[in-house]
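Multiple structures follow.
Look for subunit A in each of the two complexes below; its partner is subunit B in the first and subunit C in the second.
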Partner chain A sequence: MSSPLLSVSGLTKRYRRGGKTIAAVDNVSFHIEPGETLALAGPSGSGKSTIARLVLRLVQPDAGDIQFKGEDFLALGGATLRARRARLQMVFQDPLAAFNPRATVARVLDDPLRIHGIASRSERPRRIAALLERVGLSPDLAPRAIHEISGGQRQRVAIARAIATKPSLIVLDEAVSALDVSVRGQILRLLLDLQREERIAYLFISHDLGVVRAIAHRLVILDAGTIAESGDARTVIDAPQSAIGKALVVAAPKLDRTGP
Partner chain B sequence: MSPLRRFLRMPEALAGTAILAVLFAMALAAPLIFPGDPQAIAGPALLPPFQDWSLPLGTDRLGRDVLAELFHGARTSLAVGLAAAAAALAVGAIVGTLAGFAGGLVDDVLMRITDAFQTVPSFLLALAFVSAVGPSLGVVVVAIALGAWTGPARVARAEVLSIRERDFVAGARVIGMHPLEIAFREILPNALPPVLALSSVIVAAAILTEAALSFLGLGDPNRVTWGGMIAEGRAVLRTAPFLSIIPGVALVLTVLGVYLAGEGVIETTAVRRSLS
Partner chain C sequence: MTALLSIRDLTVIYRRDGSEVAALKDISLDIAVGERLAVIGESGSGKSTLALAIARLLPASARIDGSIDWFLRPPPTLGAKAPPSVLPDISPSRGEIALSSPPSPISKVAGEDPTAKLPISLLEGEMSGRTEGGLMERKAQKSTAKPDHTPLGGRDIGFVFQDPSASLDPVMTVGKQIAEVAHTHLGLNWPQAYAKAKTLIERVRLPDPDAALRAFPHQLSGGQKQRVAIAAAIAAGPKLLIADEATSALDTIVQAEIVALIRQLVAEDGMTLLFISHDIALAAALAERIAVFRHGGLVEIGAARQIVSAPRHAYTRSLLDAHLGLDAEPLSRQAGPSA
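Showing the complex of A and B:
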């Protein structure tokens, strides 16, 4: 059997707040196979975003181990880590906050191509146009400022930036939560298409079990930094075992049990 | 309403801009209107103003044309003021960005250095530096900047501390951007507006410091300066007060102009930022 794409074990992160320490993430273990979508769900403050930031090496864990593509990801640093980041990308919840307010669409997409030496300077405009088309946007948007396009278009640009370096795994932290329902459906479809065609794995963070059910293969439900239950996404959502799982299912608005 | 229209509606800002415009015109026109050496003797000594229309503001103790000196002095004041402020803002922005972005030991060391510079009165610092190195235009600029960069550094650091927590900085790290590029290309331009808001005060202070150094005889000896003119006039303050009053008024108007125009710009851009 081949080793998983990402394997996390015993991940722990504590924050000190007002004298006492709280474990935002407490001994969490999971793994993701190539081309698979693993969803992380849980109430607010259960540690979902913290896990995303730990996996992306934006914060350092207090304990635990992260293996990415068979490599000790926590041992990497400096230029090696920056190079490896090409394979592990992220899409944020608020697409406006995720981009430099002074940037244009073209610059946002130019950065990863330049940093990872994917295309020469003269070749990049063509690559940027291709990326925009890949996510269903017109290449005419390239010269626009980030704040001059709609929220849905912006999230597509964020996805275009994430796939620019041909990653194996994209972490999506509430990536569709801020979008209108109609736009949300389109973005989810885009994500499914990309996954099918490029075999990208997703770590999909969402509090919306309806969305999770539509896109995820497996689901991990978190509660106060620990794993409450996990398993096949539909199985867990249709028959949650943990108290928190049941509460989340009850709270989910008109859960679509038929699936996509 | 466009920012320009709003700016034009503020009388103080307009007055400040008008003063600055006259000043810049004087500085630029000085070598054309008074092509000769302004320090050359042009007529009888101590000629009062408005007596001889070829020397409208009269002459000083050595018979030098006061108007020519005033024009050439505007050049020095503006050049030194702008250069020193630009140097102070650039150094402050860079130090503040590095301290705020790097954090930890780098932050501690840089802020300790900033503290040290801030505890010494900036004029004493400038005085000591010019006395040690010797007066020339470049040295005066560095001397003034030495005491003026700490304010911008603190403001830049505070701004960077809040910006570095924002998602787009995390996004830049995720795409593998080098930390220096993140600091100077992603963060610094966004931290700049409040730093630049200090520029009018810094330019005004730099012009005053330059005048004070020149008054003490520590200005560039090869250039006419208003501070130097005031110092010259002091010897004959009772008999020819105009020799001190004219450059003194020019200095006050300049500082006022810089300040008023600067405040106007800040006010209009602040409104625009709060609207967007």
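Showing the complex of A and C:
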């Protein structure tokens, strides 16, 4: 087995509220291989999104260790951290909230290319057009404002922005949860294509086990900040062992298409 | 089936930045007394506009054409006995809010006499599918009808929205918000209204009802807030409960609990349910009939069982195919780690 792309051990984040200390994430360990999709699932408040923020270093953990590409990710700072961040990208549930709504599509895609010094000023329009085509959008969309395009188009732009820096890992936090089902299928297929062609790994956070089963290789089920169970995604979903795993499976809406 | 309300040729046009967008186009459908009808569709299908039109909550700038006729129980004083078939929807606790309701076309086309928009077939033709009693009621009311006898939001229609944080008042206790509905629409005094609120909090199964009465919305979880919103929506004993994506912002486990709660309350109170959702599996699990909307049009309507097992329309089939269930094949197995 090759060395993991991301290795998280003993990750802990506590919040203090009204004199009480709550562990949002409590001693969580997992790893992700290159080109692999690891899903984090669990009910509201189970710690999924806090783990995403910790891995992205948007918040600091109280304890634990994060190795990314063999480096101590938590020890990095300054220019080194900024450089490594290009390899670790993110897509959130609501791209309208993630972007300046008045920015144009071109501007949203120009930023990472410029900031990470990936393309010169003269080269960037061509790169932007190529990125748009890569995610199945017309380059004609470049001058449009983010708020003018549809939700599915916006999520494609968010993915284009994420892959602009050639990342090894993308954290997808409920990235398809707000999309219409028809668009959701297209975005999931796009993610699979990108993974196959560029060997990108995904940390895929979702409360929807149907989506997880469709896209993830392995699954970690969280409950109240701790890992309830983990394993091959299909195996866990088909025969959950933990109480929370069973509850999630029972609660998932089932569609019985057989006739009366 | 006895219709609770009948929608005919409903068109709703929103005006935005000088241009007009038809959110609903020529919709005709009936909602039967006591049924659970789901309206499903994707963004821009018009499903929420339909819910708002029925609840008369559309913005004043919206242009509305067509009619929504209600067949609410006539007051006993009007003489004509209601046919037995409409009785099961009336729970004993709601005797005091009997009301008469004339046909209520909601058309508000500027410059036109609203009475001109009354359905032409008011007393003939189209009535053939309805009961004789219904006809009598409407004849009887014709002379006594007052414009304020239209169905009233909060009293005759309970509405549960997607985001309970937006529909609850953040600086009013939960108890007061529920009691206010009972006070306003049932004419209860405040102690009675608070007692009713406590009963409702127990019915929606909030833990520690006495503490919940005094709590503010921000002290509750998302699922608990939605339970409060449901308690307020049913406080006046509405005939129709509209749930517009009421479980969409909740996690799967809480969603299943809220759906079970809605099902139970609707059955206990004999309410009619209009369940608006983007989730065809959830709709099929809860509703007896499903109406599929797309781009403001009604694609098809039928028994839930038929819609999911034998859809007539290709669009419905595509929605079913897009559903990712726990038994679906993974989209791709080739994308795995090569290590």
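As a working rule, the second predicted complex is superposed on the first by the 253 of 260 C-alpha atoms of A that agree within 3 Å, B and C clash if a C-alpha of one lies under 4 Å from a C-alpha of the other, contacts with A are read in each partner's own complex, and residues count from 1 in each chain.
Assume contacts are C-beta pairs under 8 Å (C-beta built on N, C-alpha and C of every residue); 3 or more make two chains touch, one makes a residue touch a chain.
Keep in mind the model is a prediction, meaning the values are calculated, not measured.
Partners subunit B and subunit C, once the complexes are superposed on subunit A, both fit on it without clashing. When the shared chain is aligned, subunit C comes close enough to touch A:V211, but subunit B does not. Residue contacts after overlaying the shared chain place A:R161 against subunit B, while subunit C stays out of touching range.
Touch criterion met: A:L188 reaches subunit C, while subunit B stays clear of it. Among subunit B and subunit C, the chain that touches a larger number of residues in subunit A is C.
By the touch criterion stated above, A:P43 is placed in contact with subunit C alone, subunit B being left untouched. Of the two partner chains, subunit B is the only one that A:L56 touches; subunit C does not reach it. In the superposition on chain A, A:P101 contacts subunit B only, with no contact to subunit C. Contacts of A:Q89 after superposition: subunit B is touched, whereas subunit C is not reached. With subunit A as vertex, the superposed Cα centres of subunit B and subunit C define an angle of 80 degrees, given in steps of 10.
Minimum Cα-Cα distance between subunit B and subunit C in the superposed model: 8 Å.
Overlap of the subunit B and subunit C interfaces on subunit A comprises no residues. Note for the complex: subunit C touches subunit A at residues 42-43, 221-222, 250-256, 278-282, 284-285, 305-306, 308-310, 318-320, 322-326, 328, 330-332, 334-339.
The residues of subunit A lying in touch with subunit B in their complex are 53, 56, 58, 82-83, 85-86, 88-90, 92, 94, 97-102, 111-112, 115-116, 161, 165.
On subunit B, the positions that touch subunit A within their shared complex are 166-168, 170-178, 186, 189-190. For subunit A in complex with subunit C, the touching residues are 1-2, 33-37, 43-45, 150-151, 180-185, 188-189, 192, 195-196, 199, 201, 207-211, 213-215, 217, 234, 237-238, 247-260.
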